[in-house]
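Common to both upcoming complexes is subunit A, partnered first by subunit B, then by subunit C.
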Partner chain A sequence: MTTTVTSPAPSAPQDLKNPNRGLKTRTPGEGRMAAMLLSPTLLVLALVIVYPLISAIHQSLFSAESGLDADGFVTEGEAFVGLANYADLFVGESGRRFLNAFGNTTFFTVTTVLLETVLGLCLALAMNRAFRGRAFLRASILVPWAVPTAVSGLLWRWIFQSDGIANSLLGSEILWTAEGTASKLAVIIAEVWKTAPFIGLLVLAGMQIIPEEVYEAAKIDGAGWWRQLGSITLPLVKPTLLVAVLFRMLDALRMFDLPFVLIGPGKESVETLSMLAWDESNQLRYGSASAFAVVLFLYVAVVAVVFVKVLGADVTGAKKLGSKKRKATRSQKAEATR
Partner chain B sequence: MRQRRRTWQTLLTTTAFVTAAAVSLTACGGSAQEPKAAANAAAAFEGKGPINYVSSRDASGAAQKSIDEWNAAHPDQKVTFIELPDSADQQRQQLIQNAQIKSDTFSVLNLDVVWNSEFAANKWVLPLPEDAIPTADMIPATVNAAKYRDTLYGAPYYTDGALFYYRTDLLRAAGVAAPPKTWDEMKAACEKVLALPEAKGMSCYAGQFDKNEGLTVNFSEAVASAGGSIVDAEGKPTVNTAEARQGLSQLVDGFKDGLFPSDAITYLEEQGRRAFQDGKVVFLRNWPFLYSSLSATDGSSSVAGKFNITSIPGTKGPGVSTLGGRNLAVSPFTQNKATALEFIRFFTSQEQAQKRLALSSRAPAYAALYEDPAVVAKRPFFPTLLESLTNAQPRPKVVQYGATTKAIQEEAYAALTGAKDTDTALKDMQAKLEEITAK
Partner chain C sequence: MTITELRSLATDGKRRARQQNADAPVPAKKKRTWRSYSVYAGLVLIFAYCLAPFYWMIVSSLRRTADIFDNTFLPAPFSLENYVKVFDGSTMFGQALLNSLIVAGTTTVFALVLGVFAAYAISRLEFRFKSVILGVIIATSMFPGISVVVPLLRFFTDLGWINTYQAMIIPNLSFAIPLAVWNLTTFMKQLPFDLEEAAMIDGCTKWQAFRKVLLPLAAPGVFTTAILTFIHSWNEFIIALSMINDPKIQTATVAISKFTGATEFQAPFGEQMAAGVIVTVPLVIMVLIFQRRIVEGLTAGAGK
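Showing the complex of A and B:
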């Protein structure tokens, strides 16, 4: 979904600048042809995205009205309740759980993505250097990302259990898997461990396309390592980094399996929106489960759109910056050759 | 430019068409609700042919052996074993989804005892003719757990009850003659044992207190052992009673007074086993499956030969265990109901239960098998387990079991961790359960 949203962004300004480009070569039948060629894709997208989405929204407007008749059998019927399932998100016991889960989701997203970005950048910087065993380091850094989340959840559960490695290393008696701040911390640690390599690798890819001569020029100008990082590496790697961060944010907002396996279902300190939706559907309350899922979807969509707007601005900004840099380097080079 | 617009028009029309199709599909799905046909117990079991047996995994291979025997005798009514995921939640979800779409894939269902009411009330399983199952030979508690409103819906397959594991070596060293029968006796025994130099750093007791089904089990047992109940015979919640209060207080005080290890709040069955096996607790409430790993003599267990079992302690006498285990039931949506019923009768017969004992340590529903010397020689915990099962109580028999157990776990956990005091937790639990049962 994200790719379809993000991909037009870089090309859009070009089309605006040059609206007639590409049209000259088009023949009248071509547009229809394009639509026909695209229609299988659209059909598949409609089937796997539009239909479930509409179905979920439809379901979220209903509530299962179940009661027991005189013989103890469930009398079942679905009643149309309009937006009542959504209104329930903010009142009473279910409202408290929803706001708690919403807070947890946001908290985990902000903290984990922030830490991952910093750590991922450090990893990329380390991997970008030429040294012996670099290929081995790159491969080994990928391992946490390659481990399925549920498995890494079990792994960390083992580390964090009361008589586990974490407690014996720290010499503490923290109950990581019980309710409380420690369980939040446990989730953050495990999540960052798992996903920092993802950001690291994407950023590394971005770093490797930075031409070497830019650094050489900077060296000649006497720029130190920090200056190079701040003025060359970071600005040039920014577009890649932002895409990586966007991916991670969308992923973190849907976090489910790690807290579920590591801490357990029903623990309020780590319950996320996905877990709440799962729990509701497990209780056969599909209406409110759908409402949770739709709200989560909207939340993710809003974050994505806002981020893409920011990202779009930054992409062009980065481009300007890149051309400025190129000009700058050119003038620097000219200066140097003078 | 015009050309371009037309392209977009085509695209838009295509999208709109597809969306419309999707919406109409949804509408079809939504309107396909039809009133359920009334269950007709007597006439329901018709049709012979191949069926599927849907069950949790059976690592011992004993169930497959029974099925093979059936298949050899009934080549035209073959039974296929369909394995479900290990997690009970996922098993329940798959079973319910299949029932909701009225799929005829699942014929004979292996149900956890706590799902019985939910499946029966939703008519996802058929009532069984009482005379088809030899209920008179079975442990009454297991038959009771398979009933919903006095009608039998499942044939007890295997059962499970709580055992109280204790360290014989430490009790002997401390001069405690007999294992404790009540909670107070246990506390007194602990005081003596923990004074011993070899019991340094040990705690008294552990159960399962993590926010999990295990907590519902331990809470139910504490309340029932104090003479209370979670719901009464009519299914009305009764946790605002003095007995329930006493049961929960015992557990809360256990944490407060250091009777339980402080990390017992994170214990599931497995952590409790390790704590007992590593000599961290003197007493342990757990299921019978632990017995073989605790008595392993290959060096993996430091308590092999140093422990024994008895019934769990209660307030005034022996405690009341909750009942675990599984029942077999027939789906109303299968084509071959006669075969399904016949297979259940065969599979849960005493003869097959006895044969399965050779491979599996799962406790059979037949009381006679617990007294068979050949069986007891192999499974020494059986007589104690039978005692535990004889006065066992099922967990709350309610239709909305999922929501009920969740409410119990939430409030009991809040009380154990000190987030709420005992009275508030029970008051809130009562309110939540009343809301659930009122639906």
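Showing the complex of A and C:
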């Protein structure tokens, strides 16, 4: 390691942006040292992200001929079919199943994230007002977050059992964990329970950096609680909230564990894209499974790009720049939105 | 006062606010009593919301199989029957816990070692394409798990790696490394550069400055990252479900979901709840002890 520091490296990039960083401006060899330090990480990420992605795209161009033959062995009959797997997404039985899964994924994402955001905001507002018991509150709010999703799926299946506590409290006889709307609702409730506290925590962190002077000034000007919420808290918390919502959406789009454990695999009313792709690969139909996986990846990518580019979610900014510079960009952004 | 003025006030005052104790109550202090009562009612609601389902899991796990469908709020005859059954050997749950520990532990160690180096490079060195590389690493954390699982399942089948620990650990790195790099970078950026600078003026090499100055200072951040990575790997489900079909290798989360119990007529809810409690309690204890750190780590990305 030490040798890399002393050895001269010609490839020192210009750093015009930060002229006054003292000794921290590049010494020769810094680029090479960075390359050495980063290469293991990038190598592993190439193996576990880039390779699977390329492999999935490649695989999705082949037909799913493989299956079990009469003796129970896996037969390797694969044919190049071009984009047929993608064309199949919209026609026939498999197309119907795909569109259903696509619809479910979108429906769950929109409803759960919406409910989580509203609930998370309420949680954050309440916690922001709590003076006593805040530490205890914070600990208890972390409990749903810490429960593994698979366990929370089991837990809610128990709660939603036909003669379970949910029905007995509601005085109803709903079959929550069978097919149908009730099972959709069960998934949404369980998902929101687990993740709303997470949004609450993030938003609370955003609220705590709002200086009190702002509220005092607003109060002097006669702004009531609602006005303060609408004109101060929400606009100032918006950057944090955007990032939190983005993360939650990307997470919800790949939802798998919860419907899988709570309702079960292969149930039409709760089957998500992840579950469908998993089921296909379980049936050894790797071609269509890969096509589903690629579609899901594209879906996630589009949502992320829309959030970052269009809505301006500041994902990397929080890390990339020193807080000073970041503050500048933020106030510039505020300037621009005026 | 206009909104724009408020906004500029906010940005000016941010640093001061940050220096205040993070827990200092921010909003109005004077309140009419009915209002503070409503706040307390809200708090009770939040407690109930967060803890009631978890409480129900614990209570149910402590009932006997005979009265598992009781809806009393305390287990009527308190019984550890379910916990005994979970470990009686028929389900290999103990082995599953051990597997989870091995997989999550190894994933955490690998992610941390790689993450510390990468984060040091990103936070302390100047090089080309830095923001691109960081962007790519963060983008990979958004990658859907199934898009990793489907191709790798095939690949690992060809390698004969199905039912091995590495078939879980390597795909786990796809979410663990971005998480670790991201958190560690944030922590290291918050540490002042002056101390390392001083060490280097005194003749330390960069490597020595990193090892003897930065790393000890970053230890709390490394620890927080370790907790978060471990919890994420411990909770991982889809990879372990896909790569493993041998009960001897499967992790606890998968083992629980496949619990069928002794009788096949009815799902063994009592045992499932007991197993769920066992899987969750270590995490809850960790959360209670390190809550401040965990919240810091979770909000590092968005809050600051």
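Here is the rule we use: the second predicted complex is superposed on the first by the 255 of 338 C-alpha atoms of A that agree within 3 Å, B and C clash if a C-alpha of one lies under 4 Å from a C-alpha of the other, contacts with A are read in each partner's own complex, and residues count from 1 in each chain.
The rule is short, and it goes like this: a residue touches a chain if its C-beta (ideal position, glycine included) is under 8 Å from a C-beta of that chain, and two chains touch if they have at least 3 such contacts.
Note that the coordinates shown come from a computational prediction; the quantities given were computed from them, not determined experimentally.
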{"item": "Contacts of A:283 with subunit B and subunit C, given as first, second, both or neither", "value": "first"}
{"item": "Subunit B versus subunit C as contact partner of A:193, first or second or both or neither", "value": "second"}
{"item": "Which superposed partner A:51 touches (first subunit B, second subunit C, both, neither)", "value": "both"}
{"item": "Which of subunit B and subunit C A:142 touches, first, second, both or neither", "value": "second"}
{"item": "First, second, both or neither for A:231, with subunit B first and subunit C second", "value": "second"}
{"item": "Which superposed partner A:175 touches (first subunit B, second subunit C, both, neither)", "value": "first"}
{"item": "Which superposed partner A:207 touches (first subunit B, second subunit C, both, neither)", "value": "second"}
{"item": "Partner chain in contact with A:309 - subunit B first, subunit C second, else both or neither", "value": "neither"}
{"item": "First, second, both or neither for A:96, with subunit B first and subunit C second", "value": "neither"}
{"item": "Dominant contact partner of subunit A by residue count, subunit C or subunit B", "value": "C"}
{"item": "Overlap of the subunit B and subunit C footprints on subunit A, listed as residue numbers", "value": "23, 26, 30-31, 34-35, 38, 42, 47, 51, 55, 59, 161, 163, 282"}
{"item": "Complex contact set, residues of subunit A against subunit B", "value": "23, 26, 28, 30-32, 34-35, 38-39, 42-43, 46-47, 50-51, 54-55, 58-59, 62, 66-68, 71-74, 76-78, 93, 161-163, 173, 175, 177-179, 264, 266-267, 279, 282-284"}
{"item": "In the complex with subunit A, residue positions of subunit B that touch it", "value": "1, 3-4, 6-7, 10-11, 14-15, 18-19, 21-23, 25-27, 29-30, 33, 36, 39, 89, 93, 96, 120-123, 148-149, 210-212, 262-263, 265-266, 271, 274, 399-400, 402-403, 406, 409-410, 413, 417, 419, 432, 439"}
{"item": "Of all residues in subunit C, those that touch subunit A in their complex", "value": "1, 3-4, 6-11, 13-14, 16-18, 22-23, 25-28, 39, 42-43, 46-47, 49-51, 53-54, 56-57, 60, 69, 71, 110, 114-115, 117-118, 120-122, 124-128, 130-131, 133-140, 142-155, 170-171, 173-174, 177-178, 181-182, 185-186, 189, 193, 197, 200-201, 205-208, 231, 234-235, 237-238, 241-242, 253-254, 256-257, 269, 272-273, 276, 279-280, 283-284, 286-288, 291-292, 294-295, 298-304"}
